[in-house]
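The structures considered in this document are given below.
Note that chain A is present in both complexes that follow, paired respectively with chain B and with chain C.
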Partner chain A sequence: MMAEGMLDYLIPLAILILSPFIGGLLIGIDRKVTARIQNRAGPPIVQPFYDVLKLFGKEDKVVNKTYLVFGCAYLFTVILSLALLLFKYDLLITTFIFGLSFIFLVLAGYSTRSQFGYMGATRELMQMLTYEPILLFAVFLIRLVTGSFETDAIFKASEPLLFTLPLALLAIFVILPIKARKSPFDISEAHQEIAQGPETEYSGKYLGLLYIAHFFELIFVLWFVSLFYVKGFWLLPGWAMQALLMAAAYVFLIVVDNLTARLRVDQMLKQVFIVGMALLALNLIYIIATGRWIA
Partner chain B sequence: MSLTELARKKSPWVIHVGTGGCNGCDIELLACLAPRYDISRFGVMSTGNPKHADIMLVVGPVSLKYKEIIKNLYDQMPDPKVVIAVGTCASTGGIYQGCYGHCGSVDKVIPVDVYVPGCNVRPEAIIDGLVLALDILNEKERKLLSEKKGAA
Partner chain C sequence: MDGSLLLLSMTIVPALFGIICYLAPGYEVKKYVVILGAIVLTVASLLVLSGGSQLITVESIDLVGLSIPISPIILVLDYLLLLTFLWYGWKDKEYKAVLLAILQLIPLTYLELFMPKAAHAGAATFVIDQLAIVMGLIVSIIGSLILIYSIGYMRGDKHASSFFLAMMVFLGDMNALVFANDLAWMFFFWEVTTLCSFLLIRHYRDEASIKASDRALWMNLLGGVSLICGIVLIEHVYGTTFLSEIASGAGQSLLPAGAIALPFAFLAFGAFTKSALMPFNSWLTGAMVAPTPVSALLHSSTMVNAGVYLLIRLAPFIIGSYVSTMIAVIGGFSFMFCALLALSQTDSKRILAYSTISYLGLIAMCTGINTGLALTAAVALLAFHAVSKGLLFLCVGKVQHDIGARDIESMEGLVARMPLVAYIMVVGLISLMAPPFGVFVGKWLAFQSVSTFTSISLSLVDIFFIIFGSIFSVFYYSRWAGKLLATKPFTEIKPEHHEWYMELPLIVLGLGVFVTVALTTLFFSSLISLPPVYGLEPSKLVTGWSIQSAIGGFSPLGFLIAFLIIILVPVVAIKVPKTAITHTYACGTGEEPELGGGYFQDIIGEGVSLKYLDPVGVLLMIALFAAAVI
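This part shows the complex of A and B:
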């Protein structure tokens, strides 16, 4: 009994500690696969770790202290939101804190007082405006199906979320490239265009910290998607189904990233918002019509 | 070799500066990034941002208008940094030598570490220059550290 209780804390803790390494490897694999798709040799898959290590060995050129504080706050809120998600805390709070991390990045962009930083921060804000309502409504739909905002309720629900909320999962797949900063919605980063937006003025180890935050962010996004199938299926246990769903989301990200070009902000706002909201509304109607909702 | 030095050798980020030449070397440089000579296999990432860059690739002779800009870009790069002059024009001034609008080679404006000759340069030569520059990066950092120790 005691051992089981301990395991509930030890496994999430292990995943939390390992997640920057897994996230870095995933990004490395992404770079390699992208290179192979373009018929290039590509960098080795441990390249992101080389990048971060190198950045920690470089001189930092600091513009002002404010943006460094916001950068660190961004890293800590991302880690906090991932921890809340892994330890099965309130899903609504987790989403809000993940949104807060984006706000810190926006503030970091604004406080650098450079044109590129300003532009990147504004675009980041527009991206938040696009994905945040869809994510929140998806969380509300999960609440309607499971009867509680607790993440634990998803694990205790009678059937996986995929069967009750298939269209909500589709809506989350639509906003997935925004949260992972990938094409077609890598609007705020756009390093060919506005020199990596809010991250323009960062250099040296502070840029390294932002890179580590991105590793955590990727794991958060994939884990959030994997919550849609936490039950065992046939011979596979629940965690295997979760891993499969994460892998599917990751492959989807790479394929979409390589298939599409960058969109404008207004195009993103129109397309994603309308499509996502329509999908969520259809799913709401489906839940109510089949009587699967718990008040 | 420490872990940081190994990482520094494995991940050079490059800023590409065209100072107003004939565009021939520019195209050869871009061919390096394309599938055939793919330099990203050495971990090279092309950034447009001097604050993230380790290596500056300068192409073409420096025009008088561009003098201040290139100096500004160089000052914004964090240490350790390396400058590579790509092509004859960037190395010596080339056929632009003595022109009224130019100040000739790059080393009259900023210190250059590696010269890659050729008009236009071969992509292989650029890759050779890059690999040479990677060793200089670590040497420079060691020099900086020993200077800091000497001052303290």
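This part shows the complex of A and C:
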């Protein structure tokens, strides 16, 4: 009993500590796969770590102190929200704290007073305007079928969320590329047109910190997706199902990234809202019709 | 201290100080009178807080052995007030106001002189319960800070005397309004707020001010007509005008049984006009022509709060009725669309005005959802919003005073020019959008209460409103905060011009933002208590180190500490050597970029949106009354 209680804390802690490494590896795999699809050799899988390490040895070139503070705040908030998610804190609060990390990134972008930072921050806000409603509606639907905003309720629910909220999961898949900053929604960091968006002015170790934040972010998003199947299935235990779901989401991300070209902001708004909201609405009708919601 | 003495020092004494200030010669003397008045008001409100709930019956005033009953005095003042409105309406050729003032006279005369009334034995005329204490604190403390701020702001103004008189009468009257138990008395205090705001809006007496004040006048008089009609109906249906007796009262009802909620629909309509919810938003945005302390007073501590305060008071009587549902929809509608309108504005005061209406809409929505959780959210939002919004208005006023502009485009890089004010302003902006600050706590509770319903119906509409409204508000606040922080490298930081009368209130309110978050759990456990109608529901909200409801919980204090660590650690740890500073990347062009835009004015600007929103708002008002009679 005691050991189990300890494990409840140790496992999330271990995942939290490992997540930048896993995140970095996933990005390395992504680059390799993408390169193979484009018939290139591609960098080694551990290249993201080399990049970060190299950045930490570089000389700093900064514009002002404000955006550096917000950049670090962005990193800390992402780590905080991932920790909240892993330790099964209230899901609604976790989502809002994750949103706060983007507010920090936007403020960082604005406070450089650079043309690229400004454009990037505005676009980042538009992205937030696009994905946040979908995410919050999804959280609301999760609350409807589990009866609570507590993450624990998902684990205690009688059937996995995938059976009750399949379309909501699809809607989250639609916004995945936004959160992972991948094509077709890599709008805020469109490096061919606006350099690196809100991150343009970062260099040296501060850019390295942002990279690490992105690693954490990727794990957060994937873990969120994995909440949709946390029960054992046939011979597989619950954690294996979670890992499978995360893998599926990641493969989806890579495939979509390579298949599509970047969209404009207004196209993103329209397409994601129409598709995402329709999916969520259909799912809502489904759970109401089948009486699977808990008041 | 004696209860009635405290009551006196929160209601009449500020007005007396106002009169002394009006008569006092010279600005220096006035200054000290104002400071003294602010101190008395603050101390009295804190004493009321420590005194806890109490009932006070003041039927008459004893003057040197002579006992004068108050009701007739109030009636006479009521008539004088309406005559004043008539006169102003006639003078400004604003005939709508004249008509509405006459329309108020008729039900008022009927109510006071011709209506048979049941005897009220033992009903207290003033009830200081916990809601009233919270309101009193908002009015008195934030109001006092605004008064002190105005000393700096109004220096050298021609009409400063009448300005301070109106401000202080306003504060005292607002306190009286929240303490009053008799709706007939409350109507008088309600109309005094209309008069005070009318006089304050036309402070500069130029064409724009007079036009704006006339509009505010007729819209508020319209609400007054609705309010007095509602009071007459309440007297009819329940046989009493005392708020504390409505729940148990039953008179001879002239209305059909189904229309039992009709009086409350009238009262709610009055509340909507006072809180400037759509479609009455234009008077509050028009009122931006007034001096900034006036805007701060109207938006944070008085006037608009009166409307939602009344809605909170009424909520227990209309649980489960269609009127309640309509209030939730109207509130949600205002919340989302005013946030959208704020997004299209560049004028900082207009952004704040729209965001005020938006948050008042959220509060109204919570009262309409009408569960224990939702009502808690409403009171919490009201208190936290007052602190943050008061702070932001005062900051904008200070900026306008110093740099002569209030456009957010011209506030770019303000941290370099006015660091103190700019940083406090950023705190204020973040406190309105980000966790873990007070407004967020309110939003979180609202989100929870929208998700707590027993039948899926209009709640889905409300959750739509709340999600989009929140995200729009994040959009415009972070854009504004970003503007303030955007500094160019190599800019010299000039010494700031300090005016301590204006800056002290800013610092106090800026700290207040943090203090209110830290005290959130205390506030929830000891200051918000709900009427027994809500049954056991309030007890579902468990407060300790964290706020825990049946479906979720979080710890404001814990997150406040986390937030401070997240910001302060980088502030301390990051050192920027002078040699590392460089120009921004300009893609090799080396040109200074022109930054700006992103307001989407041709898609969602006032001209485009209000064309559709105003008719919808009017339809919603009609639906409110329709909901009452079906």
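Rule of thumb we're sticking to: the second predicted complex is superposed on the first by the 295 of 295 C-alpha atoms of A that agree within 3 Å, B and C clash if a C-alpha of one lies under 4 Å from a C-alpha of the other, contacts with A are read in each partner's own complex, and residues count from 1 in each chain.
Heads up, the rule we're going with is that a residue touches a chain if its C-beta (ideal position, glycine included) is under 8 Å from a C-beta of that chain, and two chains touch if they have at least 3 such contacts.
Remember, predicted model here, so these are calculated numbers, not experimental data.
Colleague: What does the overlay on chain A give for chain B and chain C, a clash or a fit?
Modeller: Chain B and chain C fit side by side in the superposed model.
Colleague: May I ask you to decide whether A:M128 touches chain B, chain C, both, or neither, giving the answer as first, second, both or neither?
Modeller: Touch partner of A:M128: chain C, not chain B.
Colleague: Applying the document's definition of touching, compare chain B and chain C: which contacts more of chain A?
Modeller: C
Colleague: How wide is the angle at chain A between chain B and chain C, using CA centres, rounded to the nearest 10°?
Modeller: The three centres form an angle at chain A of 110 degrees.
Colleague: Name the contact category of A:D152: first (chain B only), second (chain C only), both, or neither.
Modeller: The answer is neither, since A:D152 touches no partner chain.
Colleague: Classify the contacts of A:F137 with the two partner chains as first (chain B alone), second (chain C alone), both, or neither.
Modeller: A:F137 contacts chain C only, not chain B.
Colleague: Touching A:Y50 in the superposition: chain B (first), chain C (second), both, neither?
Modeller: first
Colleague: Output check: A:G109 vs chain B and chain C. Expected answer is one of first, second, both, neither. What do you get?
Modeller: After superposing on A, A:G109 lies in contact with chain C but is clear of chain B.
Colleague: If we overlay the two complexes on their shared chain A, which of chain B and chain C does A:D60 touch? Say first, second, both or neither.
Modeller: After superposing on A, A:D60 lies in contact with both chain B and chain C.
Colleague: Please work out whether A:G42 is in contact with chain B alone, chain C alone, both, or neither, and reply first, second, both or neither.
Modeller: first
Colleague: What is the contact status of A:Y202 with respect to chain B (first) and chain C (second): first, second, both, or neither?
Modeller: first
Colleague: On the combined arrangement from the superposition, state the nearest Cα-Cα distance between chain B and chain C in Å.
Modeller: In this superposition, no C-alpha atom of chain B lies closer than 5 Å to one of chain C.
Colleague: Just to be sure I follow: which residues of chain A are touched by chain B in one complex and then by chain C in the other one?
Modeller: 59-61, 195, 200-201.
Colleague: Can you list the chain C residues touching chain A in their complex?
Modeller: 412-413, 415, 430, 433-435, 440, 444, 447-448, 451-456, 460, 463, 467-468, 471-472, 474-475, 478-479, 481-483, 485-489, 550-554, 559, 562, 565-567, 569-571, 573-574, 576-577, 580-587, 593, 595, 598
Colleague: Could you pull out which chain A residues touch chain C in their complex?
Modeller: Its residues touching chain C are 59-66, 68-69, 71-73, 76-77, 80, 89-93, 96-97, 99-100, 103, 106-107, 109-118, 121-122, 125, 128-129, 132-133, 136-137, 140, 143-144, 147-150, 195, 200-201, 284, 288, 293, 295.
Colleague: Touching residues of chain A toward chain B in the complex: what are they?
Modeller: It comes out as residues 35, 38-44, 47, 49-51, 53-54, 56-61, 191-192, 195-196, 200-204, 207.
Colleague: Chain A touches which residues of chain B in the complex?
Modeller: Within the complex, chain B touches chain A at residues 3-8, 10-11, 13, 35, 38, 40-43, 45, 47-49, 51-52, 54, 76, 78-80, 141.
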